[in-house]
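Shown next, in structure tokens, is the structure this report addresses.
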Amino acid sequence: MINLRNDYASIAHPKILSKMVELQNNTFVGYGLDEISDAAKLIIQKEVGQLNAEVCFLVGGTITNKVLISHILKPYEAVVSVESGHINVHETGTIEQGGHKIITVPHHLGKMKVADLNRAVMMHTDEHMVKPKLVYITQATEYGTLYTKQELQEISEYCKEHNLYLFVDGARLGVALTTEHTDLTIKDLAVMTDAFYIGGTKCGALLGEALVIMNEEMKHEIRYSIKHFGGMYAKGFVAGIQFKTLFEDGLYYQIARCQNDLASNLTKGLKELGVKFLMETETNQIFPIFSNEIIKKLEKHLMFELWEKGENESTIRFVCHYLLTESDIKKALEIIQEQL
Amino acid sequence: MINLRNDYASIAHPKILSKMVELQNNTFVGYGLDEISDAAKLIIQKEVGQLNAEVCFLVGGTITNKVLISHILKPYEAVVSVESGHINVHETGTIEQGGHKIITVPHHLGKMKVADLNRAVMMHTDEHMVKPKLVYITQATEYGTLYTKQELQEISEYCKEHNLYLFVDGARLGVALTTEHTDLTIKDLAVMTDAFYIGGTKCGALLGEALVIMNEEMKHEIRYSIKHFGGMYAKGFVAGIQFKTLFEDGLYYQIARCQNDLASNLTKGLKELGVKFLMETETNQIFPIFSNEIIKKLEKHLMFELWEKGENESTIRFVCHYLLTESDIKKALEIIQEQL
Amino acid sequence: MINLRNDYASIAHPKILSKMVELQNNTFVGYGLDEISDAAKLIIQKEVGQLNAEVCFLVGGTITNKVLISHILKPYEAVVSVESGHINVHETGTIEQGGHKIITVPHHLGKMKVADLNRAVMMHTDEHMVKPKLVYITQATEYGTLYTKQELQEISEYCKEHNLYLFVDGARLGVALTTEHTDLTIKDLAVMTDAFYIGGTKCGALLGEALVIMNEEMKHEIRYSIKHFGGMYAKGFVAGIQFKTLFEDGLYYQIARCQNDLASNLTKGLKELGVKFLMETETNQIFPIFSNEIIKKLEKHLMFELWEKGENESTIRFVCHYLLTESDIKKALEIIQEQL
Amino acid sequence: MINLRNDYASIAHPKILSKMVELQNNTFVGYGLDEISDAAKLIIQKEVGQLNAEVCFLVGGTITNKVLISHILKPYEAVVSVESGHINVHETGTIEQGGHKIITVPHHLGKMKVADLNRAVMMHTDEHMVKPKLVYITQATEYGTLYTKQELQEISEYCKEHNLYLFVDGARLGVALTTEHTDLTIKDLAVMTDAFYIGGTKCGALLGEALVIMNEEMKHEIRYSIKHFGGMYAKGFVAGIQFKTLFEDGLYYQIARCQNDLASNLTKGLKELGVKFLMETETNQIFPIFSNEIIKKLEKHLMFELWEKGENESTIRFVCHYLLTESDIKKALEIIQEQL
């Protein structure tokens, strides 16, 4: 079985585990106040070009979204997200658990358009409705697509003009930053947003995400909210070690680039076989369409997710991760070719 | 510096890290649905003597408490805890974030007495007050003390008679089970409670806790609540590997026993030096009392927490962990002797 | 100025105030446990044909929706509502404050279709998404339209088959029950739903709504939730007196019928003047369309709400209430005719 | 039966009902934006000596406490209250429903001492605990006692020095302001606090409380929170009419004074009969102690609440309200005398 199901299927990158073994006899101060976490924060501050940014490590993406959003919003304020946004679909109502409404707008290949955002904002006029206050987008999106620098710039400007916060969920930020299809750097992201997070779990880390906050108001007492909503590590150094390892020598980008390249080759091979796609691929998620009959056969050899079930044919999702090799991709293509 | 500050100061026990390295090229199904997690659950079910128990792995103790409590309580139902209970003091209002009041009763060396519990229950008579519905206790307690089998039995019976759930926070369950001062087994615990958790973080795990649920009503859809409140791992297997390693050959108990033995020897040595204690020690936390002057000097050589500050003398807390050796304890005693 | 803005513009029906004056020297037991409240409950139980129904009086519609929904749902369970549903648009996130997501489906003249409901239910398959558990509809809808007996029957059956609760917001139930366009009785409603509420505020009451619960599970400890979420009257008898007065001699229906008749005559008159409508009228809300120029002029003589603003012409909303007379309607029509 | 049970036992003061009857054919703008509400607000602003104060009318005391507290606190911030505080005991966890912990301190005849407050504040030192941010007290207290000007001044100064908000629950503010035992005016209260509310329900109103906010930050978007937490009237004018009537000619104080005088005479009479009290009386609540045998007999003739049950003798609570007359008090005393 070749595992094309997701990019969080393995324990952690060998370099991370090896670093942990190296340090296993050391003791550290708890709750992220240790020196390695400090070092990891400094590396990330430099990486994003914001030495005053607050960098916090949290245990997972869902809790990171909730902490940041609940920390900054007043009870009656709401988040705006595309319908396909992770917080709206796949977090089992975590944002609502924090008391906040998600106002949804249509997505365009997973992305938000300013015109839709504006329509939503304009509809909320008084205290009988929630007040839109924070815009949530994902980069890469749930469809593996990307905001261009221009697109993000437009959203960012709209937010500033309308006194809205802008927060980017970067669960898959690595592949977004390293694909040839992007013109948006991590430094751009830091300039254009109030906060974003750098996803570790889906890019080689054992677990954990790095929340990066530029907005002063958001920084204030953020550690209280991290603890209050249950996102704080006792062993904060476990995150610090991982992010130091990922960012001190570019390992994060190397893993992400590998994941993109594999997906790109898989796409190329599938196109040569005449396979159709739900949409063009920009990162490590791809969405080929097969007949339901073929899908049934593929399931015996490949692990993947069914994305959109249709009567006769369906879309499936392949996700490439760093443990795969070019020879796995080649083998997967052969398996598919046999079924066509 | 000898680190006597806490038992979550190191990354993880070498056997756990070595297991992770061994498996680093494998891929797993996500969200705890993998085979290793299944194996770990089975081992724990056998260990607690309840093959029908639901076992779930969560990322930390605070979120475990919140998930279980919020999952089972109706909005107006409340938890009863001693004033010194972890959920009441050191979780930054996480239970209240879930909407529930904590009704507090006085503690006796960290423990709850049935008479106090009964008084609290009797005071809540109608819908103008919250309804007490779940009793929360910790074993070992925040003061390192233990409920005897008899004491837990009494609380358990009271709960059954009054239709209350009983939940035990086992963040330090390892040291509670392995000290010579206890007559309470993990099987007893499973029989007498509706749910409890086995703390990994403070007993050699990298991070993570194992929630064990006997009560059928609590089991129902618990995975929804784990996700909803932000306690679910994407990489569930990371927890599964740890708990399998900890429980398949008794490593968990071995670590805990080591932590207790070190504390016991430290206590013995301190007593020989004439040091007073806030209370008798039963597990790996001990609470010696020194003059503030001496404490200041000790801080240069030892890491520890200030527990209760007084005018002239104060209580400090030493916690023993598995990375310490008998020679560290000896050295610590020498350092202390020098200051007396 | 003729007030066509809403049906909660006056203090209360004279018969209610006169009853209050009559009883102003009496004292009553608090919190709705008085004899007049009991009498009012019995009248309503008989009226809905369910002598075992639980009847509770709450201070307002928004809090009634929240209490019922939060009382019965588990934290991760969600409400399904049409996009135009009052809880989704005009309650400032009250349901989300209680921690629950509202899953929205498209509306058809304000109404939910079973096919849309089914699509939403089918999409929510596992613990990574909220679990749809309660269907919320309004009768009459926010557009003044009505579910037919057949339509409600279909939704009711779907809910029973899929283990969903059905709750009807009856803020404007009076006009829904008394229009000639309906075939649905209050007894039907009680048979087909788990709970609904009878709106007082928009039908002659000073304030207050009567929540009627048939579902046994929902009845359990509902008074705790009413208090917990802030919906309980200290002076419960103030509600009891009102609902007794409204229902003992059919005053409720008389007020509602009056409101419908006025709206019907206004519609008829407007049609004779060639005015277009956004949709057909079934109750006391009507939605005529005028040029923006005319609307500006009408504002000098009539009070109404702008419903949907367009470039050249817009929809406005007229709501008829019991204080208006046929001569007010005639005068309003003359004013409009002058501007056309 | 003479009703000495509470001060919310009658519908409303005749002057209020008569004003409502007078205006019953008028229509008003909804949601408290009408002219009578504006007039009522202005009268109250003048009364408290703060023309910039924000005045809002809410449906009840419990929801008023919740709205103000949840509006201003960040998720991890907590309220400090005496153990006997209404929000802590008799609101069924409403503050916790809003996500906030109540830190309790001991009460002294229902009142908070600065020393206790300081101890609680000092104990909360970092992000592992909630952050005390708002002090909640009641005037008159749940025991009918009063803060003197000096006592309130001390609390107020402590709050300013420690960056804490001060909020006073004035459910029984009327009797607090009109007793001869007080030296604290409503103008003092406005100077010394960030917000307080003037209770209507327990002083002649049909229902409703007037929230008065001096603190600018608290004023900001308060109407959003009032709606969000379910405390907004559709018919805001119903509150406006009441508070205008209560405050334009001193009716509020007249009712309160009457309630105090009756209680004072009742106390005097009881003392002459040799009856003991739990504590000295300052307002309209008094707490006499009788043998349980006598209490049983009194229940046949008088309505009252059992306050603290003892083995042989118990404390009961008598509350005087404006519908009672001196002859009722005399009769009550005779009834009691007969049983002694």
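A, B, C and D label the chains in the order they appear, each numbered from 1.
In this section, a residue touches a chain if its C-beta (ideal position, glycine included) is under 8 Å from a C-beta of that chain, and two chains touch if they have at least 3 such contacts.
Note that the coordinates shown come from a computational prediction; the quantities given were computed from them, not determined experimentally.
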Report summary line: Comparing which residue numbers chain C and chain D contribute to their contact, where sharing over half means same and under half means different, the two sides are same
**Report entry** Pair in C-D, B-C or A-B that repeats A-D, with over half of contact pairs matching by residue number
**Finding:** B-C
Report task. Round to the nearest whole Å and give the separation of the Cα centres of chain C and chain D. Result -> 33
Query raised in the report: Roughly how far is chain B from chain D, going centre to centre by Cα mean, in whole Å?
Result: 42
Query - Multi-partner residues of chain C (at least 2 other chains) - result: 75-76, 91-93, 97, 99, 127-128, 130, 224, 227-229
Query raised in the report: Considering the complex alone, what residue numbers of chain A touch chain D?
Result: 31, 70-71, 74-76, 98-99, 127-128, 130-131, 221, 223-229
**Report entry** Sites on chain A touched by chain B in the complex
**Finding:** 3, 5-6, 8-12, 14, 17-18, 20-21, 23-30, 59-63, 66, 91-94, 97, 201-202, 206-207, 224, 227-235, 237-238, 241, 303, 321, 323
Query raised in the report: Which positions of chain C touch chain A when the two form their complex?
Result: 75-76, 78, 89-93, 96-97, 99-102, 104, 127-130
